[in-house]
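Two complexes follow with chain A in common, the first pairing it with chain B and the second with chain C.
And then the complex of A and B:
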């Protein structure tokens, strides 16, 4: 111990230490200063509205404190559970469909398409649905499924597959499938793009070694590629789950939540509670409930699908 | 020359920059101040996008030519306009000098105290050429019918003037039928008679919420049913109400288009305009916009327009859907805005407005034979306004009530519930909503 101390240089002058600290302090201040606009923006557009929603969820329109009464009302409303059920059914249709289809396309392109030009073309085609405004997609979908002039029924009739119009938007099951199909069309390319990018990170040597050992396409996928794609599945689930809770435009245009309340998803129900019923307290309570639920769901997903690759 | 530090340089630059960027804002503020005290250079109107504000856009420049005041029209889709106005009024914002309002919004805005009274503030009086109902619908609290409990002690004032005289009417193919239907029994008989493959005897506008509600209320009233009685007690589960909804969703539905529960006004107009349907209810804007539109409709001159046929109650009751102009409380240009409304109401200017596609409220113009040639529904509209039509219940809870009722009617049309179950369930939900808002339902 004493030897170690003896080997340390004796502090002769404190000046360099102070200068270092001062410089570090200045650098920290500069870092905070640079971060300030971003943090300020987040504070204004995220934190303040969140605090307002929290306050609204426990107060009446006149500002008087209500405790948890808004929450009790929101959770006692049978329409909330209908909306929750509709959202659950919607998620159960769209999420697996998009992941399976997106993965299928990604694997197909990754293994069969070698020409860079064709890959670039497929990339552009996949980006297109993502950049089209949801309202426009809703309008186009209505032209496809609408009673009377829907393109889908006309094509099926001309092909001789049906003799009577299918009521895509009037039958509860078909209406749900119709609105879900729009989501699948728009967001499968997103899954494809993410997973395709993930497949590019799989080391070539591992795949080639497996192939030499006689691994088939399934073994190759199951034991090598899937390993690299796991964190991306988590990413996809995070994004898509949040999107499913925000779905509004195309459902509003296609069915308006009907028939009855069959396709009234949570976002549509929240919109109606706030902008039709003008029940701000209940809408705020619902928003808080949804936020807490999604946070719990996210942490569960994180535990099931660990982010680390190893 | 004195040298300055880098920090001082940055500070001075920031101050100078801020001063320069503030100049436009300061000038704008000065400009607003000037226009408050004198004649403003422009009036900003929050308007609904569509056939309703089209004629207003056309006459705006005429007012500018006469007065030098620009009429700037800011358009919003129907739902957006409502929520935009509510949030503007809540903040007492001065963004708009005038606002277009659908008449069912009046209770909400009246209860909020969001508008400037036109009678006491700007001297508006009733004109005998304009039906009383047109003024009544813009008055708050309502001069007839039940008044919300919180509003009963308020003095009545005129807050809105109708600029689109909308009343729901009935249309049928006069080239096929020999006589106009006078009752809903006649409507049913005609529907059965003319219904055939790819030609529907009746068109139901049954999409959930507002469309289903608007389409069914005239039938509900004509059958003696209603949403509320005169004491705000819910009446949707009465025998008359259930009979009316059963008539629409069972009897007429037999002859209606498939997927009626997903049909809105545009789909209905398409079916009528391409000659695939015999009859339906209609609004004036649908007539001018599609059914009688040159170049797109195949039934021009083949349709007749009449007031809503009579039901078992002995009455045929149309529904008002007037669009009014009001002056938000937050506007700094109230007087100039009131002058614009007065200018719009003058007979000559209203005639010009009609010639540009507007729907008048003056009886003399509705009965004008020349104008009637290009607007074949004018006589029916005049009769409907004189009848008078019903307005939707005057409560600030109407949006909620309409959503519940319109969803229930849609469920009955889709066959998800029987008409009785749908009405019982809607009545229970509306009771809960109204009780929560302090009504004695």
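And then the complex of A and C:
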């Protein structure tokens, strides 16, 4: 049975391809010959939208120059801060829940499941949610939470726990929790997979040595396993943060940003500004603000990211 | 080694089983409910009691979604868009990864390309949706599959580059060298030696790009307007927001939207996590 492992890069400056200097020159030229047209094209395609959005952000619809007026309008809009707040709350709910639950399962399976076949089954089960389209999960969530036909209320009623419908999607707090639960359902398995793979890299000798010394499961986790998992937490945070900033689909389907603006995450707010209020200037200014903030965030976070680059 | 089961260990096993049981329920119930709902008859929608177990199962909702509502056209659009996205992404991905993995290039160039691809992964689509909308309208490819193919290819390129880089570095350089010593030129040795060896990896990358494009919703929502180019997720969304009351059709559409990526994933399951983590987590 193949097993899932975390491969963290060893610091190395070894060149991947070793050839004589003469051949190197020739190969390098060929490399540039292949790379430049492709990279150039992709670079232009990536960069044009940035330029367009910059232009859009400082002009009116008729093309006249507005200076920074769109930016002051965008930043003075209280809806922007509500969207920021909603995004923050969303991240603060889903990231810790996913990490705690994922870690819990990773430890549980690592300690208790020894059968390779069962581990392989759990692997497949954990992979499946990752590829389910968020739109489809949005549908599932509607079938569960929606008023009238939502099955959660029906189950709770049958169990005699409630006598009146709970308004999952129109109570501000519950709506946020409902939306977040979808994220947790889909992405906890990802955290589980990464951390479980990380646990496989912990050297058995150090664990056994600790056990001989009488370390309980907590000590074993706190002083040995956590050390090996630490870079993986960074990795999870990086990818999950990138995803949280782009969450759109399931929220759009489940609540559409409501009730009011409670679940109107940044992406939904931007969408509404452009495609519901047709305020391209303000939306473009927002997009520029988001792009700049994300670039800063990105450059901070990649410095500590344990990815193999060489 | 058999340990005596003390009450404490028994308690621990009980807690573990309980935890796993709850997790299994929370994991499986939503999917179960989606499938059960998709098999309900129309009359059951308005019945007083809702059956939690399958009851008079029918495929009527699937027929209604695909034929009566004409969603098979959207399914066709999705397949076309995803297929061409895969082709473009893999070809461009190979053009970019071949030189940095198989040729002697400065480490800086290699690292630069990979970092740049990684930074694209962090780019939120919503931030570029507004300029893309303007560009697509200017180019007059609004509501046409080609607009989606171009954008999906771009956004999937980071995954393709990192996955292909992983697969290509694993193939020994000597194999290609040997072919070239025997008189093959670089192109033939790429075509006859490298490509067949890398085929399983390329296939896996292709499947992953396919499923990601299949799931994409935001760009499809904004850049299409009619069944001419609308993809399946856009149709599903329309069912939810316009005909919400017909929730068995909604569920059937959800099942169809899920079925294809799930089926593909069973084939490429070994590579999903490697793809999502840019190669940090991989199967050994």
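Assume the second predicted complex is superposed on the first by the 255 of 310 C-alpha atoms of A that agree within 3 Å, B and C clash if a C-alpha of one lies under 4 Å from a C-alpha of the other, contacts with A are read in each partner's own complex, and residues count from 1 in each chain.
In this section, contacts are C-beta pairs under 8 Å (C-beta built on N, C-alpha and C of every residue); 3 or more make two chains touch, one makes a residue touch a chain.
Remember, predicted model here, so these are calculated numbers, not experimental data.
Touching A:149, do we find chain B (first), chain C (second), both, or neither?
A:149 contacts both chain B and chain C.
Between chain B (first) and chain C (second), which, if any, makes contact with A:169: first, second, both or neither?
The first partner, chain B, only.
Considering only touches as defined above, state whether A:277 meets chain B (first), chain C (second), both or neither.
first
Output check: A:159 vs chain B and chain C. Expected answer is one of first, second, both, neither. What do you get?
neither
Between chain B and chain C, pick out the one touching the greater number of residues of chain A.
C
For A:257 in the superposed arrangement: first (chain B), second (chain C), both or neither?
first
Residues of chain A that sit at the chain B interface in one complex and at the chain C interface in the other, please.
The overlap between the chain B and chain C interfaces on chain A comprises residues 146, 149, 256, 275.
Considering the complex alone, what residue numbers of chain B touch chain A?
Per the stated touch rule, the residues are 79, 82-83, 86, 108, 207-209, 257-263, 267, 270-271, 396, 399-400, 402-403, 407, 410-411, 413-414, 416-417, 433.
Name, in rising order, each residue of chain C that touches chain A in their complex.
Touch list, chain C to chain A: 13, 16, 19-20, 23, 26-27, 30-31, 33-34, 37, 45, 50, 52, 92, 95-96, 98-107, 109-111, 113-115, 118-135, 150, 154, 157, 169, 173, 186, 211, 214-215, 217-218, 221-222, 233, 236-237, 240-241, 244, 247, 250-251, 253-255, 257-258, 261-262, 264-266, 269-270, 272-273, 276-284.
Per the contact definition, I'd like the list of chain A residues that touch chain B in the complex.
Interface residues on chain A, with respect to chain B: 146-149, 165, 167, 169-170, 172, 255-262, 272, 275-279.
Considering the complex alone, what residue numbers of chain A touch chain C?
2-8, 13, 15-19, 23-24, 27-28, 30-32, 34-35, 38-39, 42, 45-46, 48-50, 52-53, 56, 104-105, 108, 112, 123-125, 127-144, 146, 149, 151, 154-155, 185, 190, 193-194, 197-198, 232, 235, 239, 242, 245-246, 248-249, 252-253, 256, 266-267, 270-271, 274-275, 280, 283-284, 287, 290-291, 294, 298, 302, 306-310
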